[in-house]
Every structure is written in C-alpha cells, then in structure tokens.
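Report on the following structure.
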Amino acid sequence: MKSYLLGVAASVALSGAAMAQEPFRIGFLSTMSGVSGVLGQDQRRGFDLALEHLGGKIGGLPVQVVEADDKFSAADAVQQMSRLIDREKIQVITGLVASNVLMAIAKPALAKGALLISANAGPSPLAGPGCNPNLFVMSFQNDQWSTGVGKYLSDKGYKRVYFMGMNFQAGWDHTKAAIRNFTGEKVAEVYTPVDQLDFSAELSQLRAAKPDAVYAFYVGGQAIAFVKQFAQAKLDIPLFGGNGLSDPTLFEGQGDAAIGLTLGTHWSAALENPVNKKFVDGFVKAHGRLPSETAANGYDDVLMLDAAVKESGGKTTPDALREALRKVKYASIRGDWHFNTNQFPVQNIYMEQVERKPDGKLGLKFLGIAAKDVQDPYVGECKMAK
Amino acid sequence: MNPMFRNTILVALAAIFAAAPWALDEFSLNLVTRMLIFGIAAMGVDLLVGFAGLVPLGHAAFLGLGAYAAGILTDMGLESAFVVWPLAIMVGALGAAIIGGLSLRSSGLYFIMITLAFAQMIYYVFQSLRAYGGDDGFALTRNTFAGLIDPYDSRAFYFLTLAITLVIFLLLLRVVASPFGVALRAARDNEARLAAVGLPAFGYRLVAFILSGALCAFAGVLLANLTGYITPGYGSWPQSGELLMMVLLGTAGTIWGGLLGAAIFVALSEVLSEVSDHWMFYLGLLIVLRVLLAGGETTKLLKRLDPRRRADG
Amino acid sequence: MTFSLFVEQVFNGLQLGMLLFLVAVGVTLVFGVMNLVNLSQGALVMMGGFLLATATKATSSYWLGLPLGIAALIVIAMLIELLVLRRLYARPHIDQVLATFGLMLMFNEGAVMIWGRDPVFMAIPAALEGSVTLLPGVAYPIYRLAVTIFAGALGVALHFLISRTRLGMLIRAGADKREMIQLLGVDIAFLYLMVFCLGGVLGGVAGMLLGPISAVTTGMGDPILILALVCVVIGGLGSVGGAFVAAMLVGMCDTFGRVLLPQALGAGTGQAIANMIVYLVMAAILIWRPAGLASR
Amino acid sequence: MVEAALAARSLSKRFGSLLVTDDVSIELRAGEALGLIGPNGAGKSTLIAQLAGRLPPDSGQVLLEGRDVSALPAHARARAGLVQSFQVPSLFSSFSTLANVAIAAQAAHRHSYSFLRRADRAREYVEPARALIEEVGLSHCADRNVGALSHGERRYVELAVALAARPKALLLDEPLAGLSRAESERMIAFIGKLKKRYAILLVEHDMEAVFSLADSLCVLVQGRIIARGAPAALRADPAVIEAYLGDDASSGGAHA
C-alpha cells in the first residue's frame, strides 16, 4: 500500500491531546504509470513539497495520503475510486490529472458522497450542466488559458492566425476558446490525431497559408514533436499556445526549439510572489528543474486545503470542507483567485515566454497579465444544487 | 478428477461466490465483478485460441463495440437492459462477422496481424466520435431491469454478472463438446483432412469468431455498466493483448481457464500497481517468465489431469 | 494544392514511408526467416531513440554517439534473441505474441526506470541543420531529406544483401526450408541471431532517425509498430520488397489523406477518415489479395 | 450404358514448365477397382489431388455419377461422395480413434451447426463410427488417442475415416505404404471386401496387391497414361515393361 502517515512522529512529541487527533485521510488519485505518468508524477511532487513545507500537516492535522493509480483508464479509475472510498473509507479525493478520468469517476464518486477536488483536470461538461456541490476544480478550466491567449493575440495586433490542436475534448476546448477570443481572421482550424508522430504534412500546409501567428494546443510527447518540427521547418512565424505546449517537464525534450514560445497560463514559475518563490526554489532544489504547471497545481492544492481545514476548524468531512472551500482565502502561488458559483476558479491569465537564462538553461520570462479575472464560459449553464 | 472431488470443489466454489457479497467490501466485490466480466471476454477469446487454434490480437475491438453500442443506445433514450444489451451484443456479433469474414481467409501470424489492424480501425472510429467525447469518452447511465434489479446496487449487479457468467460458462462447455465444437477442434488439428471428409473449416471458424466477438461485446456492455463510463481505451490494442494474457494465465483450451486467467490477471495488475508505479515492468516480466518457464508445461500437465480431454481431445 | 506544395507533400510522404519501411523490414524478416511475430520491435525503436540521445550526450557528439548507440542496440537485440526469442521459435504463436508483448511492456517501463518520466532531448546534428530549396519557394528541412536518403540507402544495401550474399540467400530460403539450410551446414541458431539483430538494429535506427523530429519518450515506438505491422500485412508477410512498397503506400496515403480528406469532406468526417485511411487501404488490399501484395 | 461412378476427362496440370498431368482421362464404375500404377514422380498423387479437389487442374473435368464436380472445392466433392484416403495417415491428432472416425461420420450429415448437444452422445455419429472401427478391427483402441497408435493401426483409422464420410467413389493413395507383410495381406483382403461397395481408384506400389485387387489398370508415366487394360494383358505389354517397369522388369515380373 503506497500510503503513508505524515506528521505522526511530530505529533507524538506533542501533547496527548494532539496525539488523539484523527489524521486527515486524503486520497490522491492520479495517472502514475504509463506514457502519461509524467503528469501524475509532477503533480505528486508538488503535492509532497507543499506537505513538506507545511511540516507534514494540513490545517494542523497530521495527514495520511493514500495514492491510487488510475492508469489513464476510465475503467481502472472507477475501480481505484472505489478502493479509496469503499475500502479505505476516504471521503476526500484530489489529484485527478486527466480529464477522462475525472469525467469517469465524477458521477459514481459524488453519488457515494465523496468530495472531489481536481488539481488539474477541468473539462467543460463539469463546469456547465455537470457541476456539483461536492466537485471543486482548483486549477483551471480548459477554456481559460486560451481565452487569455486569444485576447493577447488580438491586443498585439496579429491579423491572420492559424489554429491547430489535438483532436480530443481538451484540444477542442482550448483551441475554440482561443478562436472565440481572437478578433482577427482565422486562417484555418486543424485538428491532428492524439497519437500522430509527424506533422510535416500539416506544417507544409501551414507554410503555404502564410499566417501572421500560429496558435497550437499540444501536450506531452505531442508537444515535443510539434514544437521541434515547427522550429525545424524554419517558418519564421511566432508560435503561441497554452501552458501545455511547453513546460519544464518538456524543456529537456524540446531544447532550443522551445525558445520564443509565448504561453498563456493561470500560473507561471516567473510570477513574483513570496509563496511562489518558496515553491519554485524548493522544487528546483529537490528535482533539479523548474516545476511544471501540474506540479504547481499539486502544491497550490495543499495550500488551499490547509486554509480550508483551518477555516472549518479542523473538520475534514465533505460537508465541512465544502463550506470551507467556498469561502477559502489563502496566499496562493498564482496570486488572488476565488471559486466561481460552479466551483471552478475565477483567475488572471498571464503570458510567459520561454527564453534562455544566463545559466544556459531554459527558463520563463513573465510578460504580464493577458486577461483579468477570467471565468469560464460555461458557468451560466451550471444550476448548482445547494 | 474423480466426480466426488469435483463436486466438492464445485459446491465449495458456489458457496464462496454466494457468500462473497457479505464477506467483501464494495471495492473487493467490484473487483470480483470485474474478474467475472473479463472472464466472459477471456472465455470468448479462448474459444478461438484454445479450440479453433486461432490467435486474435484485436478482440478488444468487440469489447469496445459492445460498450459503445450500449452507451450510444442508452444515450438515445433506450434504457432497459432487455433492449439495449441484446442489441449491443448483436452489434458486436455483426462487427465480428465482418472482421472475421475478412480475417479468416488467412491464418497463423497473418491472422494475428490482420485482426490487430482491423481493431485499430475500430479504435479510430471510437476516437473520432465527437458527439461521444472523442478520446475522452462519455458517461453511461446504467441500464435498468424493469424494476426487477436495482442497477446501482453492487450486490445485485454482482449476482447478475455471476449468473450471466455461469450461464455462458455452462453453455460454452456444451458448445465445445457439441458437433460444432468438435468440427472446430478438428479444423484446428487438421484443416485439410476435415475438408477431405466434407466439412469446410471456414464456416465453423467464422461462427466461432462471431461467438467470441459477441461474448467480448457482452463483457463490454457489462464493463460499461459497471464503470458507468466509456472511452476508446476499451478497444485499444494493449487491451487486446491483455485478453490474450488472460487466456495464457489460465489454460488455453479449457473453458474454465479463461475465467481463471481473467481472475489472476485482474488481481495481478491490481496488486502490482499498488506495490509499484512501475507495475507494467513487472507485469511484462511475469508474462515473459510465464511463457518461457511454464508456457507449454503447465498446459500439458493440466490436460493430463483431465481424463475427458485425453479421450476426445 | 499548388504544385510546389504537392512536391513538398510527396517528400513528406516519402520520408514517413522510409521510416516505416525500416521498422517493418525487421518485423517481416524475422517472420520470413524464423516464422515469429515480434511485437517488441516497437520497443527497439524506442531504445534506438534513448540510446542515441544518451550516447550523444555522453560523448557530446552525434557522430560519436551514433556508432555507440548502434553497438548498444546490437547488444540489446542479441540479448533479446538469446534470452527470450530463441526459446520461442518452436512455440505456438500465442506464446510468441505474449512474450514479445511482455518484452514491450518491460522495455517501455524499463526506459522510465532508467531515464525517468521526463522525455530526453535529441537535437538535429549541426551538419544537418537548416533547409534546402527543392523547387523555387519550396524549402525543405535538410534533416528530413537526409533521413529519406539514408533510409533509402539502407533499403538499397538491404536489397543487395538479400539478393547477392550468402546470408541473403539463406534469408530468401525462408522458414519453410529450414531443413535445406541445415543440410548446407549452416548454423541455424547463428543465422537466426544475425537476422534478428539485423531487423532489430534497423528498427532501432529508425528510432534514432526519428529522435530529433519526434519525442524521445517511453512508448514512442508503439504507434510506429502498429503502422509497421500494417505495412507488413499489406506487403505480404516475409516479403522485404512488399514491405517497401507497402511502406511507401502507407506513407503517401497517410500524408495526403491528412491534407486532402478534411478539405474534401469537411473537418469532422475528413479528419475521422484520415485517421483510418491506412487501415481502409489495408482492408481494401486484403479483400483483393488476402495474403498481401507480394502474394500471387 | 451404365453411368461411370467417377470419370476424369482430359485433366491437365502444369507446374511451371513441367507438365505433371497430361490429358488424363479415366473412368471407374461402381463395384469396380481401377489400379493406377506408375513410377515415382509419375504424377499419381497430383492426379488424386485434382480428383479430390485439393488442386485445381488447368483444364479438364471431373464427373461424379455423371455430375460435373469440377467447380466444387474439396469439401463439397467429399460431401458429394468423392472421398480419398491419404498416403501418409492424416488424422485429427488430439482426438481419440473413435472421435476421428465419428467426426467423419458427422461430416457426412448435412451440417455440424449444432451447438448444444454432445457430439460424443450423438448416436448417428458414434454408432457408424463404432461399427467401422470394429470392421477394421480396432475396437480395442477406440478410446485411445490416435497419437498412441502404431503406424499400421493408424492406416486402418485413416481408411475408417474415409469410409465414415460415406463415399461413393473412394480414392486410395497407397494404402499399403509402410505396412508389414502380414499387415499388408490383411489390408488387401479388407480392400477386396470394400470393392463390392464402392468404386475404388487404387494407387499402389505393391504390384502384387494391385494385380490381385484391380479389375483394370492404368499406367501413368510422366503425367500421361501410356497404357490401360486388364491386369493380365498389361503384364505382358512390352511398352509397359519398357516404360514403367524398366530395369526392374525382371523383379516386377517375378513379383507378379
């Protein structure tokens, strides 16, 4: 069993009253193995780092984290959800890096009365009609990054933009949001299969269309291949995208090809605030590179839970935590944000750019705020039960 | 195995399965339900591997076809399992008839690769269904049983799956001993000779392929209902490989081997993934070792223990 | 589509086809000579990428890394053959499928255990940076051109190896004539080892060529393996020439399908059919010739 | 005129430049045994394969009781009553002796798409199979796996499998191959009894057997029938002795 008890040793040293404290048991359900395992791994690293920074406690309570691997499969995810809730009797589940996994477990887990706190996935159906009092998404909704990017492209005066994305829900959400928020001409809207290796055919088409700028939504290995091939094609066209197009987990794989990419994000490693600085420095020290956005969400998740548990007066039942989360205030690594009525965040979208740092490594330059207090466009469809 | 001994085992097994819902927590019960569901699929695959001597590397496609057909029909407003399930199974059977008809013109390694390629084709169809979430998939409301069974009661669903598995198991035992089953095995042993006495192998193989496709589709329907969610992953080729692993982990050529293998596989991947994030490595290692060290021998040993098999093959 | 764009897409299709050919030829050779289906070929593609990336980093030179990487590939291919495949030749197909499937899982996750989950970097060697002008207005990346030429040259070399040498004669004799080969006094075990190494190294080299344009990451070989299997099926199992023709066909269909079908049929349907075009072509060919192009 | 049970008209087959069957026509009647002899490589097995439908001829026809079966595949010809036994016993290796014969009896029924009854309890399959096994004298090993039988026993199973398929015309491809002297004599006697029931085409190297069993003979050399007629007449035909018996003329003569 990959679970562990944090802060127990510390509480033993304390008074008898502290020893009697029930630990806060939390399920961490994420993609830990296979090709997408890199996401869950970085999320977990952020999560663990925050626990470390908080002395192994959340809201003053010792924490027991029970990890479950969804194997990036809906059927396995539901099975693991059942393990956490039915066997481990855990009522609060976080992690949830993959959209398909969150979509798959949302209904059965909520039916069992659990509280779900997504620290990454934010699919649109759950922001609209599928919203639920016990479902919080603390990271972002797919449309948000590209809302910022679309506005940024308009503000910077680009006239003709070529849009490309991976052919799945998140790809459609992101790309279409960028298009909606861009006021110029859409040259093309192209979707490529999720396991495509070679983009030469699409890049040849793109070159022939001569756009002013390109918006692309790619993640993981696809982002590496796309960004490299885009650079190798020597198109001399600026490339924009969401945070997934290039992040520090991909820097090594993308190399110089990533330099100059302009990215929209709800959080940046280059954001200047003390909490973020502590996080980024701590992460670099522990893992030798900048944290990714999934790591940041994992970290921020713990900070938010810490504040919520304090708010609830140490109660960790779904009901108590839900009420606490709805009014939670804490110093987030991404600056001020709050939950909307659909329990997805309302937050600023920043722009950052990949650049070579003086030490020779790739890093991120903060460009500024692209859009303030962005909410997702689905909130109106959410009829939240009380 | 002498009849006394066998009956004792059967009674014991029946007791264990009947008591399971009260002895196990919901998670473990769902796990057992999952074992049974994959057992149905593995029995179907074993019909081809063990009895027809054909190795399909694309049967996850039928698992996916069953799941998608059930999901889409339910989404269209048909809710009753009595309507949706037979239709979904028929979709799987129809798919198997087409793919089988084309694949069975070849045999051996060629058959393996062609079934794989057709399964990929179906996988991409699932992936391109934008109305059904594309690669992310879509949710399914569990099918209803005219008020007879509560589909959201884990115990009820377990007993339903158990009953279905049992019926299929017994039917398959009859099928492989039937004239059809004998013809199928004869075609496996010596296709040319079977033709020389007047039976063409193709038709029997095709029917076996359709049967096994339908069983996988049934498993897909059940899995979709258990999970409440359907993704293209149901039809992915690693899933096809896993179905073959189940057949191997049990004993190919015995119907109960499919059930046993599925149980072992589900338990194994559950346990390994709880122990290590690198569970895939250890799973691969176990499979390789199973093939290398015990591959033929266990099968032979188990065959020798069963006098009926020795008599009529 | 303008003429220059058409030419460019032809080159794109050629390049994809050449890479597929390198992967497919390994599968088809191993089938033709040893009568064995090898699903671990995709893992060798991935290992090619990782090994070259690591060797290049260690030696700080692509051109030093290349021979080192290939040497390591040979060692790995030999180990696979000696430790696992050798015991499978006489086994039923299901054992072969499962053991090589198991190997694939082991290599994919083993790569994670060795190199971690973050993808590793591989650059285009400096000498092959930049692009050339094929036609006025058609600038084509030198590296992609080099990949096409190099893979093509390997194909030609392979053709001569098979048609002109003793090893080639033995390969052509194929699996059915095992006794005949033995009568010639050839060490069958050694022949099989050679053939597997040859096929494995070609697959690994494909991964090395792919490294700079794709992501060197776990599982990178799996989608290529599937496409390569399609080429083998279309070409006819065991036929190197068939695999070549099929790889070119698949490369072209994939490239042009992705470009033309969404234009012709609208984004949704066109995209969906473009994803499947390779398999549709395969189905059509199999209806016409159930045993592939190379069969009579 | 009595309709021939089996007739071949001008069968020809070419493998590359090699003409393996050269305009061969044969005819055999019910209750009659036609011997087909010829040196190794004369094309006897190729001819049987064409008759049985395992090999398509380049030209020519095969007629079964006057019906043109040329377009039918092997299984359909077998079903129509044109059944062969193989030179090397070709059995269902994982089956028992009884099951081997029973599957052929099963094949003789209309179809085998019957899923829920037990084949080993289907009397219409098992009883004829048992009867045939008894007839060939193998009742004692009915339940043994065929892999455990001796070569001689497998020869009889091979024959019983062919008989269970309810032939009208029976193509026997060297039924004596590999049998001991004593076994051969028993087999010859057995085939002699079969003659009355079926039209038999007998390919055999054992001259003594052929001459004693066959009502008439065809001599096949390099794919062509060079002589045909009653055994007694052929035995004296110098062309036959020259072309077929060749250097073995003396021993062949002695044999006969």
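Annotations
As written, the chain order gives the labels A, B, C and D, with residue 1 at the start of each chain.
We adopt the following convention: a contact is a pair of C-beta atoms (placed from the backbone, for glycine too) under 8 Å apart; a residue touches a chain by one contact, two chains touch by 3 or more.
Predicted model, so just to flag it, every value in this text is computed and none were measured.
The set of chains in contact with chain A as well as chain B comprises C. Taking the mean of C-alpha positions as each chain's centre, the chain lying farthest from the centre of chain C is D.
In this view the innermost chain, defined by its CA centroid being closest to the centroid of all protein CA atoms, is B.
With each centre defined as the average position of its C-alpha atoms, the distance from chain A to chain C rounds to 36 Å. Put simply, the C-alpha centre of chain C and that of chain D have 50 angstrom between them.
Here the spacing of chain A and chain D, counted between their Cα centres, is 76 Å. The distance from the centre of chain B to the centre of chain C, each centre being the mean of the chain's C-alpha atoms, comes to 32 Å. Shown for chain A are the residues in touch with two or more other chains, namely 33-34, 37, 41, 167, 193. Within chain D, no positions touching two or more other chains are listed.
Across the assembly, chain B contributes 124, 127-128, 130, 278-280 as residues in contact with two or more other chains. By the definition of touch given earlier, these chain pairs are in contact: A-B, A-C, B-C, B-D. Contact residues of chain A toward chain C in the complex are 33-35, 37-38, 41, 167, 189-193, 195, 197-198, 200-202, 204-205, 208, 220-222, 224-225, 228-229, 232-234, 249-250, 252-256, 289.
Against chain D, in their complex, chain B makes its touches with residues 171, 174-175, 177-183, 185-186, 188-190, 192-200, 203-204, 207, 310-313. Within the complex formed with chain A, the residues of chain C that make contact are 2, 5, 8-9, 12-13, 15-16, 109, 112, 117-121, 123-124, 130-131, 139, 141, 143-144, 210, 212-220, 223-224, 255-256, 258-259, 262, 267, 271, 274-275. Partner chain C is touched in their complex by these residues of chain B: 49, 55, 57, 102, 105-106, 108-110, 112-114, 116-118, 120-121, 124-125, 127-128, 130, 237, 241, 244-245, 247-248, 252, 278-281, 283-288, 290-292, 295-296. Across the interface of their complex, chain A is touched by residues 25-28, 30-31, 34, 124, 127-128, 130, 133-139, 152, 223, 226-231, 233-234, 270, 273-275, 277-280 of chain B.
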